[in-house]
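One chain, subunit A, links the two complexes that follow: it is found with subunit B in the first and with subunit C in the second.
Moving on, here comes the complex of A and B:
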């Protein structure tokens, strides 16, 4: 049986979904509000049923692509996701408005159960709902009172599900208008339904309206001046936390991979496979897994802000700011989503009805620093920025991280202005949104989000990193015949013969790496990247990180492990020791900042390009984006390196 | 023996990366053209 969760936005649908499925859920490729399609399994009488979480919408008449999804799924019985039963989640405190959409679903003839969620909030507001009248208005329906945030009502839902399928459905005002594309007919249908619902006087005993806690808080958090200041402060605190809280688990994971690598090389018989595992795979995987704590911390705070209802306020206050840049408040959702990953960000731009504003949002979204940049940022910051505190409490490394995120935002907005001037204007978009009430975060929901994101990072990026680590190891371990000659020549030199055993091993590994296939490729591209302060090893990592930005770290880990097989140092320590042929350090402040700026701007993501192509239905825009971002990245990195050198 | 396993791993890694590249840029969508819902319950999450 397929069951769909349907309802208005901010009615606690996700909480109901989590309550019913627990961790038995998957995230799919659904271009909705949050872009992800959440599917879960629900066990009932030893039978598994599919539970589908549809995007929140106010009516069956679509205003955007994600609302169109809901209509398509519900109205088209041949749709693969068409449900056998609908669980309609309604906010008990906003019942009249919620029943408009409910009445439309009811008229479609799909068996539907009305979940009156957030019952406690309705009570706290002094609202009393006449359930008898609701049943009279919609004959035959089952009403279940729930409070999904505290898992209240789960058993009642499960008990009633099976019996609901066989219930006959009736008509509220009829379904003729529901398939109409005519805006006037749609408006008439909505008015008729609302009148009928209001006439039934379902809500009684309203207490005197008081200024709620949410309203008081909104006066501060959406204040034209303080609102922005508080938002900036919250962001800064989050970035401070990322560095402060993550250091212990990161050091621990790092140390475990160093031990594992050393243990594998001791236990396995000497040979190519042993080298591939200890010098290729383990450093490559470990180099990236070490950043899971930081990613988990970032998503923990984002989920926390979303759960409390604060993120909706951010969208609201940003609307005004967005206008001069040719964007609107709806662009904030894709841009904020891009802080996690540009792909859902680009896809969620479908909610923007104006084609020009949508295109601008898609083109600037990859400037927002995504989570794949975190490993690159934190590795390079730890390498070149001292771990000191300004004024005794502001972590300088956290401040630089905050600065990189800000740089991305500023450039996204500047690019938006440029595009706004260059692209022709067609129509002006507007933004309607509802501010949900503030609520205490439900930690289970926060936990599920963190687990989901960390799992995606590990599995999705992990597979590519493993494959690239294997290939990089091979390219770094084998070479043309000339390499053998170089190695023989080295062994005949006085410098080699007079060196200690450890130094000999180091010299040998460095020459072997330099003469390998990877060394040849790296040196071929070196002239193009040396003006930015990069050597050929960094160049190779830049190339491979086009698959995904975090691959940069895994690639460096593999390259340095092959080139320094004698010691089992952490990647950070290896990078600190890395020197140029003239003895200068490779990773200076100038090189580090140049690389950081390069990664803020460069479109180093194959998957994002593919999605931009899919969304814009042309190669023109992704290629322009690639060229523009590459140009900005190169120029900025060049300027930074030469200014600081 | 070790060399043979290494060779197999190299072929596997190369094939996987090639497949990912093809999937990203050239593969046909396996989802509903109007709304993007996967037609199979198996999910296919993007990076």
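Moving on, here comes the complex of A and C:
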């Protein structure tokens, strides 16, 4: 049996879904459906039922592509996902407004069960619901009181599912208007329903509402000073947590994959296959999994803040500030998350209902300086920026680092303005938003969100990342025949023969990389990058760092023949001594700053591209993003280099 | 000119008298903003926009521009 979960936003629909399916759920594409929906299974008396979680909406009349899905699935009996039974989740404390949408589903003639969720909150508010009257208003339905946050009502739902389905026996106001596209007819339908529901006087309020604790808290959290202050503090704590807690599992994953790949190369017979698996595939998979801790931690906090109701207050206080850039308050979380990593940032843009604002947010998010840029920034800054203090107390290196972050933010916002002008708007935005009441977070819901996001990244973006990293590996480790000769020549030189074993290995690796196909490409693009102040060695490192920005440091280490890439200090010394054929230093202030600016802007991250493809469902936008960010990076690096040299 | 919802003072309960010109009239109805409904501004975002209203027991965040389509009378 196909069951659909339907209801208004903020009614605890996902709690009901989690309560019924537990971990037996996944996000997926459905035939004829353009947005991601969650689906779970539920077994009852040895039969499997599928439970489809439809997006929360206030009525059958759609205002967004997400809401469109709801109408398509419910109104079209031939739709592959059309349900045999609807579980309608309603907030018991908001019953009149919820029944408006319910009455529309009822009129469609689908068997429906009304779940009066958050029953405890209605009681606490002093509301009394006349269930008898509701049944009289909608003959043929079953009403179940639930409190999904504490898993109350599950058994009653299961009992109901086991019994005979019964269709609504009459209509409420009729279903003629429900398929209408006309705004006036839609409003008349909504009005008619609401009036009829209100006239039935289903609710008696025994308590008079007075200024509640919630409003006092709201006035503090949305205060011009305290509101922003508290938000900044929470952000700071989250970032501290990410940098503190993500590094352990990331290092662990890194180390385990290094072990695994050396183990494989020992176990498998030597040859191309062994190389492909141990040096291409395994590190590629490791390169996917290494992002998971950051994604998990960030979504843990986002889900936590969302569960408590605080996140919608952040949207509320940031809304006005984001509007001049064609964004809205909901863009704040994706953009700020991108400071840790653009991948969860792009993934969290899903809460933005306006498609244009969501797209702009996704496109500009990678301009925010993510944590993978930090190793590149710190290496280059310590290379070209002197360790001095301005006015005796401002650390110049720190100031440059601050400048790079600011540059990223400024360009994200400028690009947003540009995109806002260029992209056409399919529908005018509707921004009225419910601010849910504050409540304690349910850890089960938080945990499921974290799992879902991590799984989505690994399964969907992961494939693309592994494929590209194998390609990059192959380019860097194979080369034309001339490479063999170079390596032979190297082994005959006196310098090589007199060197220690470790130094020999370094020299060998450097020659191998520069002679590889990647090295050839690096040399081939030298004319294109020399106006930016780069030589072919930097060129190779730029290419390899497309796998992930921090790879830049490792590549430089290999190419400058510094065996242990972890020792930045030695790498730094080598780079400082590096000279061009004409005797000039390679890493001048001009080249260094040009590279820094390049890394602020360039889309040097295939993982982000893969995620943007996943979220926009087309290669068009990630490719535009790649080209545009590359263009900005090239031009500004060119400008900086030529201004300074 | 009738008074509109974007210009109400905090903590003042008003009654919705008409909704005119909003491209989202039916959406407003769906969210419970209908003629005759009592509504009260309870807090504002910094810069005074958007405004949070209490309406029928829930809190709605409405941008000033959207609120300007909703005509009200002070009780």
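Criterion: the second predicted complex is superposed on the first by the 369 of 645 C-alpha atoms of A that agree within 3 Å, B and C clash if a C-alpha of one lies under 4 Å from a C-alpha of the other, contacts with A are read in each partner's own complex, and residues count from 1 in each chain.
Criterion: a contact is a pair of C-beta atoms (placed from the backbone, for glycine too) under 8 Å apart; a residue touches a chain by one contact, two chains touch by 3 or more.
Everything numeric in this text was worked out from a predicted model, so none of it was measured.
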item: First (subunit B), second (subunit C), both or neither touched by A:471; value: first
item: Which of subunit B and subunit C A:547 touches, first, second, both or neither; value: first
item: Partner chain in contact with A:13 - subunit B first, subunit C second, else both or neither; value: neither
item: Touching partner for A:69 - first (subunit B), second (subunit C), both, neither; value: first
item: Which superposed partner A:483 touches (first subunit B, second subunit C, both, neither); value: neither
item: Contacts of A:330 with subunit B and subunit C, given as first, second, both or neither; value: neither
item: Residue numbers on subunit A that touch subunit B, as the complex places them; value: 26-31, 36-37, 39, 50, 65, 68-69, 72-73, 79-81, 269, 271-274, 276, 341, 343-344, 347, 456, 460-461, 463-464, 466-468, 470-471, 474, 547-548, 605-607, 610-611, 613-614
item: List of subunit A residues in touch with subunit C within their complex; value: 58-59, 61, 63, 93-94, 96-97, 100-101, 125, 127, 183, 186-187, 189-191, 194, 209, 211, 214-215, 218-219, 222-224, 227-228, 312, 315-317, 319-321, 428, 430-437
item: Subunit A-touching residues of subunit C, taken from the complex the two chains share; value: 23-32, 34, 42-47, 49-50, 52, 54, 56-63, 66
item: For the subunit B and subunit A complex, residues of the former touching the latter; value: 2-3, 5-6, 9-10, 12-14, 16-17, 20-21, 24-25, 29, 31-32, 34-39, 41, 43-47
